[in-house]
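After this come two complexes, each holding chain A, first together with chain B and then together with chain C.
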Partner chain A sequence: MTHLVVNNIERHFGSVKALQGVSFDVHEGEFFCLLGASSAGKTTTLRAIAGLEELSQGSVEFAGEDLTESPVQGRGMSMIFQTFALYPHLSVHANLAYPLVRDGVPRKEIKQRVAEVAELLRVTHTLKRKPSTLSGGEQQRVAIGRAIVRRPKLLLLDEPLTNLDAKLRHDMRAEFKRLHRELGMTMLYATPDQLEALTMGQRIALIRDGKIVESGTPRELYSAPSNTFVASMVGSPVINLINGKISTQGDQNSLQMPFGEVPIATQRFNMSINSGDELTLGVRPNDIHISSDTPAEFNADMSVSGRVHLTEPLGDVTILDIDVSGSLLKLVLPEEKATSYSPGQDIELSFQLSDAHLFMTETGVRVN
Partner chain B sequence: MASTTRSNGGLWARLTAPKNRGPLLVAPAIIVLFVMNIFPLLWSFGLSFFNYRANRLKVPEFVGFKNFERVLTDEKIWDRFQTTAIIVASSVTLQLIIGFALAMLFAKHFPMRRIIMMLVLTPMMLSFVSVGVFFKLYYEPTFGLLSYFINFFTTEPFVLLSSSTGALAGIVIADAWMWSPFVMLLVLAGLVSVPKYLYEAAEIDRVSPWRRFITITFPYIKSLLLLAILFRTIETFKIFDIIYIITEGGPGSSTESIAVNIYRMAFQNFRTSRSGALAYIILFIVIVLTNLYLYSVNRRAAEEDL
Partner chain C sequence: MAKQREIGKAGWGRSLFAGIVGFVYFFPVLWIILTAFKTRTDALEIPPKFLFSPTLDNFRSVFFRASISSDSSQATNFILYFFNSIFIAGTAVLLALIIGTLAAYAFSRHPLRGNDTYLFIILTTRMMPPIVVIIPIFLMFRLTGLAGSYWGIILLYTAFNIPFSVWLVKSFFDELNPEIEDAARMDGSTDWRVFFGMCIPQIYAGLAATFVFGMILTWNEFLFALLLTGVETRTVPVAMARTLGGEVGVDYGLLAAIVTLFLIPIFFVTFLLQNQLLRGVTFGTVKK
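For the complex of A and B:
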């Protein structure tokens, strides 16, 4: 069931157009991620949904009701701010109880619900303290607690992990998934981190320059990105993109790449391709293998030779940068296999054409 | 090098040696301060234990604590203290209310805000004498603005300063008019220091305006408000100029503050020693208040370090 409908919203600050027609919808109980670089319009979108920003155009519907004109208080949503925005002069307990007072919840029940939430988020030991004496992770959890204590129908999260260190971020990702499962509320999560979006989001919308570029499940965005922007935003390490030119010989089209010729079947493309058109070939680092060591069921129909340019050990895996006729290809190898390679060494790589993504170079749009 | 300077140079050379230059530069100010402030202060403290009168040639006699005793047991003095207390309490309260309201107003953004704020701040920058003269003319029964407007409603001539309550009100209004902007400045500093995201969070949490004020805004202005109260209490406690110009303490003695009383005692009745004793009692009270003030300043600093 559709729960939240954001319909073509625009927000202008003077001549700056922060949002230029953002539309998406979120299903009930869904964990929906809004992924985009900083100043792409994520925060403004969330604030517009919460009612903190006035819309220049468009509408926001929630649970079948048009909320465009209704005040912040009447929207039944909670929001977690990037800065946490805890009330500095109130104790943690008072912070958590804060949203409940308006509802006229009896004192006893407030106490009980605060205790429950504190238990759920493991901040019971901090209840009597002031927020400024808490660690970053604890402050974050109190901010979450304050947002969920009144059981909102929709929870808006504005980059809640950006101010935390890497270890804590990892723990909190799991925490959010657990909370979403246990509470079953709809969550709209804005993040600049594709890893957060991929691991937590049931669906993701990519936003750039105040416009939604594409939305879909993590699987869809990863395996069939609709353009080069989506392809490079989703997935880590970043997809290899190499430019080439179409040449036609009789019926056979092929792509002239710096490292050689790639035969392609243009008849299955969703637009007509002519000789001389420039295309971009995209291959994910995980889809490239070393020719001497390909997995079973791997049907390598393309192989290139290059030289190791750089190795980036990441612990369990290592990223190899391979110089292939002047362009760099990245591939991921398990640590134990990567140790035998060092910069300057010659190497033979292979990948399957079925794993390759093809885009128009000029527009970035996917063609296959 | 230093040793040659010392052995060869005379007094002047020694005075102007690099390490003595700092004290030398400060010396004139210290000397003036001592002659004009510290010496008279100590001398008058000594005098308060004698029966000195500035208009008599008689050699003063030592009387011990008699002056302090007489001052503290004088009902008239207690009455002046009471008058001062009434003026302080009502004027500071009025200043707080008006200053607070103005601060709430100027915390918002509206057209011409800067210019209007500048106008509102003007009274604070005027001298006491001009404010006093201004209000004296304003209250003037025959051509004053106040009487002029009141005469639209009644034919009887209106003389604000003729009754003791009216005169007190006149003093309080003049003082509050002058110093409300000061309270406003302090409160405004507190108001603008509240982070905007807290208000947004409060909006999301659906908090009533009153509760939002108590839990979010007030903690930020609390300590500044305390400073304003203390500062204004100390200052108003010493109120003299405005009263002396507007009412000269009258009608009767109904607006005679303790400072006006000291002035009268010292320079009209020439009971120099006794007025010195009273002045030292007031100095003691002000020192106590000032320490309270410093204590609260330190507490605010400690709070901000958190």
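For the complex of A and C:
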């Protein structure tokens, strides 16, 4: 069931158009991620849904009700802010109780519900303290607690993990998934981190320059990105994009790239491709292998030789940057295999192109 | 807040230097206080006496003055003048703080078109010496019948304190995290509740600092008080000036006693608020 409908909203700040017709909907009980770089419009979108920003155009519907004109206070939503926004002059207990006090919940019930939430988020030992005396992780959990204590129908999360260190971020990702499962509330989560979006989101909408570029499940966005922007935003390490040109010989089309050419079956493309058109080939780092060591069901469509440019060891895997006739290609190797390669070394690569993506170079739009 | 340094860590040399500078600053105050306890002859002694037998006569004559015509001493109006000073300065500074805080919040959170221009215009009233505007103000007060009344001088001091309050308090509001206010709104608070329940408590220190600075300025104000207060509404600085004259020369002991008494309220206010004051003037400079 559709729960939240964001319909073509626009928000202008003077001549700056922060949102230029953002539309998407979120189902009830869904964990929906809004993924985009900084200043793409994520925060403004969340604030517009919360009612903190006045809309220049468009509408926001929630649970079948048009909220576009209704005040912030009565929307039944909660938000977790990037800065946590804890009330600095109030104790943790008073912070957690604040939304309930405003809702007019009886004192006895407030006490009980604050205790429950504190227990759930493991902040019971901090209840008497002021927020400034808490660690980053504790502050974050109190902020979550304050947002969920009133059991909102929709929880908005504005880059809640940006201010935490890497280890804590990892723990909190699992924490959010657990909370979502246990509380079953609809969550709209804005993040610049594709890893967060892919691991937590049931669906993801990609936003750029105040517009939604594409939305879908993490799998859809990963396996069939609609353009080069989506392809490079989703997936880590980032996809290899190689520019080339179509050349036709008889009825056989091929894509000519700086380091070689591959035959391309243009018949099943969704637009007509002519000789001379410039296309970009997108290959995920996992679809490139070292020729001498390809996996069992691997059909090499193309082989090229290059030189190791640099290695980025990540512990269990290592990312290799390979210089192939001036283009840098990334591939991922398990750590034990990567140790035998060092910068400057010559290397032979094989591509499998069955999962490769083709885009128009000029517009970035997917063609296959 | 930064960790408090160990006391005495600066070493003797620096402590001594700070002590000397502190003494130089405090010396005039000390001098006045000592003079207040001296007899008239001791007060005029050259070189000045630091050892003398103290007397309370000066303080007595602030409030009761020996009369030439009768044996009984006559009460002076100084109790009234002290009340006037406290009442007028206190009310005016408080009013300016209230109005200034409301205006500062508006300037900070709901900027107008040309916000900075308005702020600049507000400040222009503080750019010239008061004596420049004294004549038009005096005429306005005469015309409206405000001259000599409590409300007249309170209004004037309020008006003079508002720019300062607006600027200072605005800087405190600017330092606050606006997401806290948004969070409070989403938690169900009205705009008024956000203001009183969230913003004001966060800047108590700043408000205290603003109050003290305003108080010090207003407490010592002389020129407007001289021209715009009447017999009933006279403030201490004006009354003090009037005791300066006299057929037997200046009574320095009496003057010093008045000044000493005059110092007490402001000293008291500053002392009470000094912790807030320190936090207020360092607001935002220390990463929380």
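Going forward, the second predicted complex is superposed on the first by the 368 of 368 C-alpha atoms of A that agree within 3 Å, B and C clash if a C-alpha of one lies under 4 Å from a C-alpha of the other, contacts with A are read in each partner's own complex, and residues count from 1 in each chain.
Going forward, a residue touches a chain if its C-beta (ideal position, glycine included) is under 8 Å from a C-beta of that chain, and two chains touch if they have at least 3 such contacts.
None of these values were measured; they are calculated from a predicted model.
Peer 1: Label the relationship between chain B and chain C on chain A in the superposed model as either fit or clash.
Peer 2: clash
Peer 1: Answer with first, second, both or neither: which of chain B and chain C does A:328 touch in the superposed model?
Peer 2: It touches nothing on chain B or chain C.
Peer 1: On the A-aligned overlay, A:174 touches which partner chain: chain B = first, chain C = second, or both, or neither?
Peer 2: In the superposition, A:174 contacts neither chain B nor chain C.
Peer 1: Counting only touches as set out at the top, which of chain B and chain C does A:83 meet: first, second, both, neither?
Peer 2: Touch partners of A:83: chain B and chain C.
Peer 1: Check whether A:99 is in contact with chain B, with chain C, with both or with neither, and answer first, second, both or neither.
Peer 2: So A:99 meets both chain B and chain C here.
Peer 1: Quick one: is A:73 in contact with chain B, with chain C, with both, or with neither? Answer first, second, both or neither.
Peer 2: both
Peer 1: For the combined three-chain arrangement, which segment of chain B clashes with chain C: 5-13, 149-157 or 167-175?
Peer 2: Here chain B runs into chain C along 167-175, and the other listed stretches stay clear.
Peer 1: Once the two structures are fitted together, what part of chain A is touched by chain B and by chain C alike?
Peer 2: 50, 52, 72-73, 77-79, 81, 83, 85, 87-89, 98-99, 102, 132, 146
Peer 1: Once bound in the complex, which stretches of chain A touch chain B?
Peer 2: Going through chain A, the ones touching chain B are 50-52, 72-73, 77-79, 81, 83, 85, 87-90, 94, 98-99, 101-102, 132, 146-147.
Peer 1: For chain A, which residues count as touching chain C in their complex?
Peer 2: The contact residues of chain A facing chain C are 47, 50, 52, 72-75, 77-79, 81-83, 85-89, 98-99, 102-103, 132, 146, 150.
Peer 1: Which of the residues in chain B come into contact with chain A in the complex?
Peer 2: By the definition above, chain B touches chain A via 195, 197-198, 200-208, 211, 215-216, 219-220, 306.
Peer 1: Which residues of chain C touch chain A in their complex?
Peer 2: 177, 179-180, 182-190, 198, 201-202, 288
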